[in-house]
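Listed next: structures, encoded as C-alpha cells.
Next come two complexes, and both contain subunit A; in the first it sits with subunit B, in the second with subunit C.
Take a look at the complex of A and B:
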C-alpha cells in the first residue's frame, strides 16, 4: 500500500472523488461481466477457446466470478452509506482497491496470452479489449479510493458448525481449483488461471474474509488438518485416471516431504545444508539395493517397512559422519562442507561401478528395474478400480507419500513445540546465548542434522520405487539448491509455507514448458530477491519474521503476546495465579 | 621417482590455480566474514571475459610468440579482469551490501542465488553477444603461441608451459598482493577493517570502499586464474566455476580462512595432495575418478583436526 500511496496524488485531493470512484469501479466490473457476451478472441487456440459469443468457457466463468465479486466490493459502500455491522465487517474499499488492480492484471494477462498464443494482437476480438478497458477503469477507480479501517470480521463469534462448514467449503474450493488447474493444457490458460487465483486470494485477504477463515481454522485446528488430508486423499478421484497429473502430484509430495526435512535443519536450527539431496539419494540407493532388483548388488530383499527404516538409518549415519566434525566449527563452514559432501556422494555413486570401485550402484547407469512396491500383499504397480474410478500406479504412490508426509509433518510439528524445538530456535536466534542458558547446542544440532537426514532417507526409499530407476545424476547440487529455494520461498520454519513453496516450484516448470530453459535463471534471481525483500518467505513464521525485521515494534508485541498465551496454555498454574491476584 | 617429481609439478600447477581463486574467498571472508559462494562464478566470468577480449581483438591466430605473449595474453588478462571485477562489484553493491546486518543465513542464500544466476546467465546469453559462440557447450580457449602445447623436458619429467604460466602468475600476484596489503593505504585500511570494522570507521576509513576493494582484488586474481584454466585445459564452459570454486574454498579453509598466505599454501597443498592421491593410493580408489573425493575428504579432516587451518585464520593482518 505504501508504494501505491507514493505513486498517487495526495489523499486530501481525492476526497471529492470517492463517490465517482465507487460508481466507476462498479461500472468497470459490470463492463467486465458484459464482455462475456462477446468473443474474446478470433482464434480457437487462445486460452481454452474463448471464441464463442455468449457461450463463456470455463476460464471465462472464473473471470465472471471475479468480476461479480469486485462489482459487489465497489457497489456495497454505495448502498450501505452508514457505518454499521455490515459496513465495518469487511474492508470494502481496501478490497475494492485490490480487486481493481486484480481485474486489470487479469485483463492484461488475458489479452497478452491471446496475442502471444495466436501470433498477434489482431486476433483479440472486442470481448478481449472490453476486458482490458474494464481492467484499466477498475484500476484507476481502485487507486482513487481511500483505504478502509481494519475489518472486524476476524473477531466475529461464529457457531462451531458454521466454522467447520466454512473450512470444508474452503478446502473443497482449493481441491476443485487444484484439479481444474491441472486439467488446463495450454501454458497461456494455466498462467491466466494462476494469476486469477492469486488475485482472487489477495483480494479476499484484503477484504478481511481470510481473517475470519483464519479464526475458524485456529478454533478448529484438528478439523482443519483432518479435512486437508481428506481433501488430498480424495484428489486422485478428481483426475479420472490421468497418470500424467498423478505423477506430477506424487513428485510434488516427494519434493515437499524432502523440503520439510530440510526445513528442520535450515528453518528451525538455522544450519544451511547444501548437500541435502545426498540424503534423499542415500535413502533411494539403499532402498533400490534392497528392493530385489536384478541390478542390485545384493539378493537380500526385506519387507518394505524394514527397508524404509534401513534407508533412513543409512541416511542419518551419513548425516552423523558429516555433521560431527563440521557442527563444532562456525556455521558458515557447514554450508560448504555439506556442498562438498553432496559432491562426494554423487561421485562415489558414480564410481561404485565395478571398475573404479566395488560394483554396488552400476555407476552412471544406476540401479534400474526397481520392482513395484508390495505392502501386505497389495501391489502398488497394478491399477484397480475404486468407487468406479480407475486408480493407477501413481495414485497408489501418491497415497503412500501422503502417509509419509503426514508422519513427517507430525514429527515436525511436535518437535517444534517440544523442549527440543525451543532449543533449536534458541540456537538459531543466538547460539552463544542459548549455550549460556544451558542448551546443549552441539547435541541438538547433531540431532537436527541426523534427524533431517533420516526423514530425507524415508522419502528417498519411496522415491526409488516411484521412479523405478535410481541414478546418480538425479542427485546433483542444483536439486539441493532447488530444495532450498522451496524452503526459502515458502517460509523458513513453517509447514504450510514449505508445502506451498514446494508445490509452486515443482508445478510451475511442469505446466509452463516454455520457460523451462529459464527456470534456473529465475530461481537464482528468486533466491536473491527473497532474501532482499521478503527473507521470511511467503508464509512467515512470526518469530522468524521478527528476526529479519528487528525494528518492527508491532510485530514484536504480537509475538510476545503469542508466547505468553502459549505459555499460559501449557502452564495452568500461571492462570490460577493470575486469578488469585 | 620420476613419477613423484612429475606429479609434484602437476600438483603444484593445479594448486597454483586453486590458490589464485582461493585468495578471493579469503580476502572477502577476512573483512566481512562472508563466504562469497559466487566467487567460483566470478572466476568463470573472468575466463569468458578473456575469451571475449580475444574475439574483440579479431581472433588473432598464428602470431609470433612475442606478439602472443606480450600483446594478446596481457590484453586477455586485462579484459577478463574488467569483466570479473565489474560483476563482483555489482553483486556486492546490489546483493550483499543491503544484507550486511541481516542474519548470517541471508547473505549465504543470496550467494547461492547469485551463483546459479550467473551460471545460467552466461549459458543463456553469452552466445547472444554479436560474434560470440554458443556457450551452452564448452568453448575452445584460444591458443597462445609459445605457451599452449609447449613443454620443457627435464630428464623424464615434462613441464607444460601452461603450468609454468600458472605458477608464475601466482608468484607475481602474491608479490603484488603482499605489496598492496602491506604497503598501500587501501591495504592497511583493509587490515584495520578486518580487525575491527567499527573502530576502523571511526578512524576515518571508508569501510564500504574497503569492502569493495576486497571484492575487486579477489575478482582480479580470479580472472588471472580463469585465463590459466583456459590455457591448461584448452576450453572453458559455464559450469567451470562450480567445482573450481569448491576446491578453492577447500584450499582457503585448509590454509586458514582469512589468511592470504594461508590461501596460497592451502591451494598448493591441495593441488599436490590431489595429484599424489591419483598416483600413490593403491587399488581402485586411486583412479582419477576419485580425486575430487580425496580433496573433499582432506577438507573434512582439516575441520576435524585443525579447524583454524594450516597457518591459522586471523584475518588479513597476517598477510
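Take a look at the complex of A and C:
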C-alpha cells in the first residue's frame, strides 16, 4: 500500500475526482465484459482458443467473473451513498483500487500472452484490445480512488452453520480452481489463469472478505482441516484419469512433505540447512534397496510399512551423524557444513557402484525397476475404476502421499505445541538464555535435525516407488535450494505456508515449460522481491512476523490477541475437560 | 504467599546448612585475572549481597558459578556436589539466575517465558508430544498451573498473555525472576535486579526478594544500590579488581574505609613527591 501511495498523486488533489473515478471504473469493468462478445485473437492457439465471437471459452468466463466483481466494487458506493452496515462491512474502495489495478494486469497479460503465443501483436483481435483499454481505464480509476477504512466484516458474528458452509464452499472453489488450472494446456493460458487467480485473491483480501473467511476458519479449525483433506482426497476424481496431472500433484505432495520436515529445522529452530535433499535421497535409496528390485544390492524385501520405518530411521541416523559434530557451529558456518554434506551424500551415492566402492547404488545408473508398491494385497500400479472414474497409478500414490503428509503434519503441529516446541522457540529467540534456563539446547537441535530427517526419509520411501528409479543426480544442491525457497516463500514455521510455497515452486516449472531456461533467474527475482516486501513469507507465522517487524507495535498487539486464542489449548480447565472425554 | 508452596528440596534444607561453597575461584582470560581467588559461602535461607565497582568481576564470578565459564582454578561445591560445568546442568542441580541486561524471550508471552523455565523439571519426550500421551498432558497442565502461580507470586497474573516485549521494564525484571523460579532453584542468583528502577519499584523488588527467601531459597544478589543491599542482605561481599576486599554483615562492610575508597577513591593528598597518585 505504501509503495502504491508513493506512486500516485497527492490525495488532496484527487478529492474532487472520487465520483468520476467510480463511474469510470464501473464503465471500464462493463467494457471488459463487453469484450467477450468479440474474439480476442484470430488464432486458435492463443490462450487455449479465444477466437470465437460470442462464445467465450472457459478462461474467458473466469475473466467475466472478475470483471463483474470489479464492476460491483466500483458501483456499490455509487448506489449506497450513506455509511451503514453494508457500506462499512466491506472495504469497497480499497477493493476497487486493487480490482482496477488487477483488471489492468490481467488485460496486459492477456494481450502479451496472445502476442507471444502467436508470434506478434497483429494477431490480437478487437476483443483483446478492448480488454487492454478497459484495464487501463480501470487502473486510472483505481489509482484515483481513496482507500476506505478497515472493513468490519471480519468481526461479524456468524452462525456456525454458515461458517462451515463458507469453509466448504471456499475449499470447493479452491479444488475447482486447482483442477481447472491443471486442465489448461498452453503456457500462456496457465500464466493468464495464475495472474487472474492472484488478482482475484488479492482483491478479495483487500475487500475484507478474507478477514471474514479467516474468522470462520479460526472458529472451526478441526472442520477446516478435515474439509481440506476431503477436498484433497476428492481431487483425483476431478482429473478423469489424467495421469500427467496426478503425477504432478503427487510430486507436489512429496516436495511439500520434505519441505515440512525442513521447516522444523529452519522454521521452528532457526537453523539453516542447505543439504536437506540428502535426507530425502537417503530415504529413497533405502526404500529402493529394500524394494526387491533386480538392481538392488539385497534380496531382502520386507513389507512396505517396515521399509518406510527403516528409510526414515536411516535418514535420521544420517541426520545424527551430520548433526552431532556440526550443530556446535551456527549461522553461516552451519549452512556451509550442511551444503558440503549434501554434496558428500550425492558423490558417495555415485561412488557406491562396485568399482570405487561396494556395489549398493549402481553409481550414476541408480537403482532402476523399483517395483510397484503393494500394500495389504492392493497393487498401486494397477488402475481401477471407482465411482465410475478411472483411478490410475499416480492417483494411488497421491492418496498414499496424502496419508504420509497427514502424519507429517500431525508430528509437526504436535511437536510445535509442546515443551519441545517452546524450547525450540526459546533457542531461536536467545540460545544463551535458553541454555541458562535449563533447556537442553544441543539435544533439542539434534532432535530437530534427526526428526526432520526422519520425515524426509518417509517421503523418500514413497518417492522411490513413485519415480520407479532412484539415481544420485536427482539429489543435487539445486533441489535443496528449492526446498529452502519453498519454506521461505511460503512462510517459515507454518504448515499452510509451506504447502503453498511448495505447490508454487513445483507446479510452476511443470506447467510453464517454456520458461524452464529462465527458471532460476525468475525464482531468484521472486525471492529478492519477497525479502524486500514480505520477508516473513506468504502465510506468516505470527511470532516470526514479529521478528521481522520488531518496531511494529500494532502488529504486536494483534499477535497478542491471537496468542490468547492459541492459549485456550493451554487453559488448565480446557485440558481437564479434554481428559475427561 | 501461600500460592507458591516451598519446593520439597528447599524445605528439607530448612536447617541452615552450607548450600554453596566456592573455594579460591579464579578466572583468567589470557593475561587478565577477572576473578582472583574468591571464596564464598552461602547458607540456605540467606540473602547474600555482592557489591563492587564496575569491572570488579561480579558478573564474571556469577558466570563461573552458573557454568557459562569454567573457572581456571578453585572449586565450587553446591549442595554437597561439585558443580557441573554446563549451564543447564547447573540449573538442574538447583541454581537459577537472571541477567544484568534482561534476556527474556521477547516474542513469547509472559506465561510461555515462565513455562520455558519449567522445561528442565518436565520429562515428556517427542513421542509423548506427538501422540499426546498422558504424560505430556499431565506435565503440560502442571507446568501451566505452576507457571501461573509463579506469575501471581511476582504480581504478573494479569499479564500472563502479554508478549514479554510489551511489558514495562520493571515487569520484565519480575518476569525474569519468575522464569528463574520456575526451575525450582535452591539458590537464586540475581544480577542487578533493580537496575533502572524507580524507588517505588525498588521497594517492591526488595519485598519480592524477602518473599523468595521466605520460601526457603537462598538468594545471591549483585547490586549497586547500597541502601537496597544493606536493607536486604544478611552478609555482603565486596569485590574489587577480582578479589574479595571485605566480607561480613552489612554494617561492617558499609563502614569499612577500604570499601568507600574503592568506590569513590582516596582523598587527594597534595604531596609533592606523590602528585600523580
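Note that the second predicted complex is superposed on the first by the 552 of 581 C-alpha atoms of A that agree within 3 Å, B and C clash if a C-alpha of one lies under 4 Å from a C-alpha of the other, contacts with A are read in each partner's own complex, and residues count from 1 in each chain.
Convention: a residue touches a chain if its C-beta (ideal position, glycine included) is under 8 Å from a C-beta of that chain, and two chains touch if they have at least 3 such contacts.
Just so you know, these numbers come straight off a predicted model, no measurement behind them.
Q: Following the overlay on subunit A, give me a clash-or-fit verdict for subunit B and subunit C.
A: Partners fit side by side after overlay.
Q: How wide is the angle at subunit A between subunit B and subunit C, using CA centres, rounded to the nearest 10°?
A: Apex at subunit A; the opening toward subunit B and subunit C is 70 degrees.
Q: Going by the contact rule set out at the top, does A:523 touch subunit B (first), subunit C (second), both, or neither?
A: first
Q: Of the partners subunit B and subunit C, which touch A:415 in the superposed model: first, second, both, neither?
A: second
Q: Have a look at where A:121 lands relative to subunit B and subunit C in the superposition and call it first, second, both or neither.
A: A:121 sits against neither subunit B nor subunit C.
Q: Applying the touch criterion given at the start, work out whether A:439 contacts subunit B, subunit C, both or neither, answering first, second, both or neither.
A: second
Q: Please work out how little space separates the C-alpha atoms of subunit B and subunit C at their nearest point after superposition, in whole Å.
A: 13
Q: Can you pull the subunit A residues that subunit B and subunit C both touch?
A: Shared contact residues on subunit A (touching subunit B in one complex, subunit C in the other): 547.
Q: Quick check: in the complex, which residue numbers of subunit B touch subunit A?
A: Touching subunit A from subunit B are residues 33, 35, 37, 95, 98-99, 102-110, 112-121, 124, 242-243, 246, 249-250, 253, 284-285, 287, 289-290, 292-293, 296-297, 299-300, 303-304, 307.
Q: Any idea which subunit A residues touch subunit B in the complex?
A: Those residues of subunit A that touch subunit B are 266, 270, 272, 274, 322, 325-326, 328-329, 331-333, 335-337, 339-341, 343-344, 347-348, 350-351, 355-358, 477-478, 481, 484, 488, 517-518, 520-521, 523-528, 530-532, 535, 547-548.
Q: Quick check: in the complex, which residue numbers of subunit C touch subunit A?
A: My answer: residues 66, 68, 87-88, 91-92, 96-97, 99, 103-109, 111-112, 115-122, 124-126, 128-132, 136-137, 139-141, 143-145, 148, 161-163, 165-166, 179-180, 183.
Q: Can you list the subunit A residues touching subunit C in their complex?
A: Subunit A reaches subunit C through residues 410-411, 414-415, 417-423, 425-426, 429-430, 432-441, 447, 451, 543, 546-547, 556-557, 559-560, 563-564, 567, 570-572, 575-576, 578-579.
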